[in-house]
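Structures follow.
Here come two complexes built around subunit A, the first alongside subunit B, the second alongside subunit C.
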Partner chain A sequence: MLHKYWVLLKVNWSLLLEYRAGMIIWVLANTLPLVMLAVWISIADAGPVGNYGAAEFTAYYLALLLVRQMTSVWVAWELDYDIRLGELSPKLLRPIDPIHNHLALHLADKIFRLFTVVPLILLAAAVVPGVAYPTDPVTVALFLVSTACALAIRFMMQYSVGLLSFWITQSLAINEMLYAGMVMFGGVIAPLELFPPGAARLAAVLPFRYMLSLPVELLLGRLAGPERLAALGIQILWLGVFIAIYRLLWRIGLKHYSAVGA
Partner chain B sequence: MSQIDVHGLAKHYRVHRKAAGFMGSVRSFFQRQYQNVKAVDDIGFQIEEGEVVGFLGPNGAGKTTTLKVLSGLLHPTAGRARILGFTPHERQSSFLKQITLVMGQKNQLNWDLPAMESFIVNQAIYDIPVDAFRQTLAELTELLDLDPLVDKQVRKLSLGERMKCELAAALLHRPRVLFLDEPTIGLDVVMQTRIRQFVAEYNRRYGATVILTSHYMADVTALCKRVLVIDHGKLIYDGDLRAMIARLAPYKVLKLILRSPVTCEALSPYGQVVDCNGLRAVIRVPRETATRAAAQLLGAVDVDDVTIEEPPVEAIVSELFDRGQVDDAPTQREGAGNAP
Partner chain C sequence: MRYLRLLSIFYRNSLYTEMEYRANFIANFFMSAFWLAFAILGLHVFFYHRDQIGAWGYYEAMLVVGFYSLFNGLIEALLQPNLSRVIEQIRMGTFDFVLIKPVNSQFMASLRHLSIWKLADVAMGLGICVYAMVRLGLVPSMGDLIAGAGFVLCGAVILYSIWLMMVTSAFWFVRIDNISELFTAIYETGRFPVSVYPSWMRGVLTFVVPIAFITTFPAAALLGRAKVPLLWVALLLAAGLFCGCVCFWRYAVKRYSSASS
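What follows is the complex of A and B.
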């Protein structure tokens, strides 16, 4: 299986390089965190908001931008296309589950971003005065693990939404709705800490925090020791939930697909 | 047991019907109307290893649906299919590694990369050992003349070139059973012939079983000794292609070119005159007496050239579909297959 992943990764890498111009546009189009940063800096001009002054906002949103780049997922669009246009059929005839090729493409994309946009963000973090991140190995390790989990959750959630195309033609609308949920409760609009207590409690149980905000909170050292593990635990729980949903939808969806025609 | 064993196979679809126009949409939003379509309706047949079988039928007869059930893409509504001892729709990977489905109108190659990249991916996901991969690729390259094609982006290839690469990609794992759905669709005559020769050669070399559908009768007559004829989801003939032709068209066609003009009436004793314009004539004569009639004609009229031909298969088959059955032909297997 490792060998298969290696080959799939290589072929998807050549595919990304084939589309390099488009790739760069996609990477750069991911600017909502920067827009929100500008908004919050201008608000913080009048005095800090909670614990956040201009420097804190900058550190927060640069980290958020980084996590977003490393967790971007578009597999719902691919599945929607494959299922509605019958392109899934040839893929089902191969002795490998189609999810592996989708995953390999997303991983190749992350390698691409690691070498293109991540250095830019790190450079920005280094030159902006007042922005500093903790460098102790535990924090960095927690950040990396949590970012990987965030990517996995987003991937499994979108994969599940994409599989809804077996039954409905508007699965992408559902995907947009979930994206809006992530903007709202994932820490894009504002750091979750600044939410009123009721909304913050809601955000802590919804999956969106664990798809984006949590790695940033961990990197910025905003969580106390025991809180960090508890939050990671919830993150892993959500990952398990979406994997279970995916498995169920794949099993019954495939039966449905092959019952109504491929 | 036969390599392919199908019993009472049926595939029904529930199709959603909607009247045209705005009110039709509104009505269908509140109350959906469904219709049951019997795409495949109780068909059965056995195919032995190494046979090449043609699947004939008009558009919408159920050919592609049957191939999809046999390759495991569709669950049958009723009946069962066993292929190489597997139940297709379970899609076990040891089953998928032994079959292939080539659809003339669908691609498995990656459009934006050279075909070679897709070949290498197939090597990995089909677990093809390096040596076997090299050898098969070399053979396919020779048979299909792939050398100049594999390093070009697939989207820059012509339709025929692409089909050759598709075939190669579909055969790298040396499947024992090939389902070919319209493999020559849209190709020019030269390329059709190449693909046909290739399929015949592949069958001969590896003893693979081939089930083929095509709109081009020539594909079927060139490759298949045995045909399955399907219409409205039902199997209406299963047997030897030549026997079917002989039964449906118990005549041969004499084509004459004459040195001096002859009237149609003068030719009518020999058979049914289909066409005659003085210096050319086409006559249908009963099979048994075709040679005798030709000999008599050579003596009776001033003949420059005479040929005895089989009637065109297209005409026979379309006649068959119009009638919906083959007279007194059982739908069971008859005539031996062309197993080696």
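What follows is the complex of A and C.
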């Protein structure tokens, strides 16, 4: 299996480099966190908001930008395309489940970003005065685990939504709604701590926090010891839920699938 | 006159096509509602901590959200579908068919299609504006209304011109499908009044990429806060950008030499 992944990764890596101009635009277009950062800094000008001053907001949004880069997923579009146009059929003939190829492409993309955007963000974090992250191994380890989980949740969720294309033509609209949910409750418009209490409680239950905000909260050391484990627990729970949904949809979807022109 | 008749034929045609995909209407409706909810939740969080942001109150800022949504609807209904088609046509060489029609090529290329269902955003934007005005107890004077309408019109022309220039650049960089993503990223800033941004960004958003003229100033006009000279600036800017995009388009079309030739 590992060997297969190695091959898939190499193939997808070359695929990725073909389209690097498009990639760079996609990366640049990912600016909403920076827009929100500008707004919050200008609001914090008149005094800190909650326990966030300008430096805390900068640290928060730079970390958010990093997590967002490392967890970006677009598999719903690919699945929608494959299923609607019948491109899925040849892929089913291969001796390996198509999900592995999709996953490999996303991992290759993450490696690409690790060497291109991530250093830029780290550089910004190092240059901006007042921005500092805890460096103790536990925090960093929790951050890495949680970021990986966030990527996995987003991938499984989008894969499940993409599979809905077996039945409906609007799966991408559902995907966009979930994306809007993530922007709202994933900590993009504001750190979730700053939400009014009711909205904050809602955000703690919905899956969106665990797709983006949680790794950032962990990295900034905003959660106390036991809280951290509880949050990670919920994150893993959501991952389990989406894996289960994916398995179910894949099983009944394949039976339902009859390709275009078949 | 002839062009107006053509427009009505184009859009009737688009309407018939889209009638086939009625489920799209529901999907778009929900999507606009979601994005609107997002913008309003954002306002909620700001105003949970502050009474005012950038000298704008809650419902005043909501007016800006309304205009943001309105223009976003126009982008998605009118500009986006035509843009992607023109880029496709340039790539495939079928753009020749646009050029041989006995109509102004810019008109044909930029206004041919309309995604009716995306107009849901426009309706919701107007709704939010009206709601905010009711909550403010705001009855704009005749002058403010005319100024507001003037700013909306200028905003529409400015938006159109910027988009057309992006489309035109496709004549040189054929594979630029996601150039619109870049603009959308900048347009995001229009969700909030321009005065909430740091001063250097305010300058950029007013004079370099004039998003402020599109979402902030119409709202300011309704609130009676936009001075008359500002309207002249908007008119000049709109006229200048429009002439600019027309010239750029003509220059590009003159240089265009189809695909595979």
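The rule we apply is simple: the second predicted complex is superposed on the first by the 257 of 262 C-alpha atoms of A that agree within 3 Å, B and C clash if a C-alpha of one lies under 4 Å from a C-alpha of the other, contacts with A are read in each partner's own complex, and residues count from 1 in each chain.
To be clear about the criterion, a residue touches a chain if its C-beta (ideal position, glycine included) is under 8 Å from a C-beta of that chain, and two chains touch if they have at least 3 such contacts.
Predicted model, so just to flag it, every value in this text is computed and none were measured.
Undergrad: So, A:L8: does it touch subunit B (first), subunit C (second), both, or neither?
TA: In the superposition, A:L8 contacts subunit B only.
Undergrad: Can A:E176 be said to touch subunit B (first), subunit C (second), both, or neither?
TA: Second partner only, subunit C.
Undergrad: Which partner does A:V127 reach: the first (subunit B), the second (subunit C), both, or neither?
TA: A:V127 contacts neither subunit B nor subunit C.
Undergrad: Go through the superposed model and pick first if A:P95 touches only subunit B, second if only subunit C, both, or neither.
TA: The answer is first: A:P95 touches subunit B but not subunit C.
Undergrad: Of the two partners subunit B and subunit C, which one touches more residues belonging to subunit A?
TA: Touching more of subunit A: C.
Undergrad: In their shared complex, at which residues does subunit A touch subunit C?
TA: 21-22, 25-26, 28-32, 35, 38-39, 41-43, 46, 49-50, 168-170, 173, 176-177, 180-181, 183-184, 189-190, 194-196, 199
Undergrad: Going by the contact rule at the top, pick out the subunit B residues touching subunit A in the complex.
TA: My answer: residues 13-14, 65, 68, 71-75, 89, 91, 93-94, 96-97, 99-101, 103, 106-108, 110, 112-113, 117-118, 120-127.
Undergrad: In the complex, go through subunit A and note every residue touching subunit B.
TA: 3-4, 7-8, 11, 14-15, 18-19, 86-87, 89-96, 255, 258-262
Undergrad: For a test of understanding, state which residues of subunit C touch subunit A in their complex under the given definition.
TA: Touch residues, subunit C against subunit A: 21, 23-24, 27-28, 30-31, 34-35, 37-38, 41-42, 44-46, 48-50, 53-54, 175, 177-179, 181-182, 184-186, 188-189, 192, 196-198, 201.
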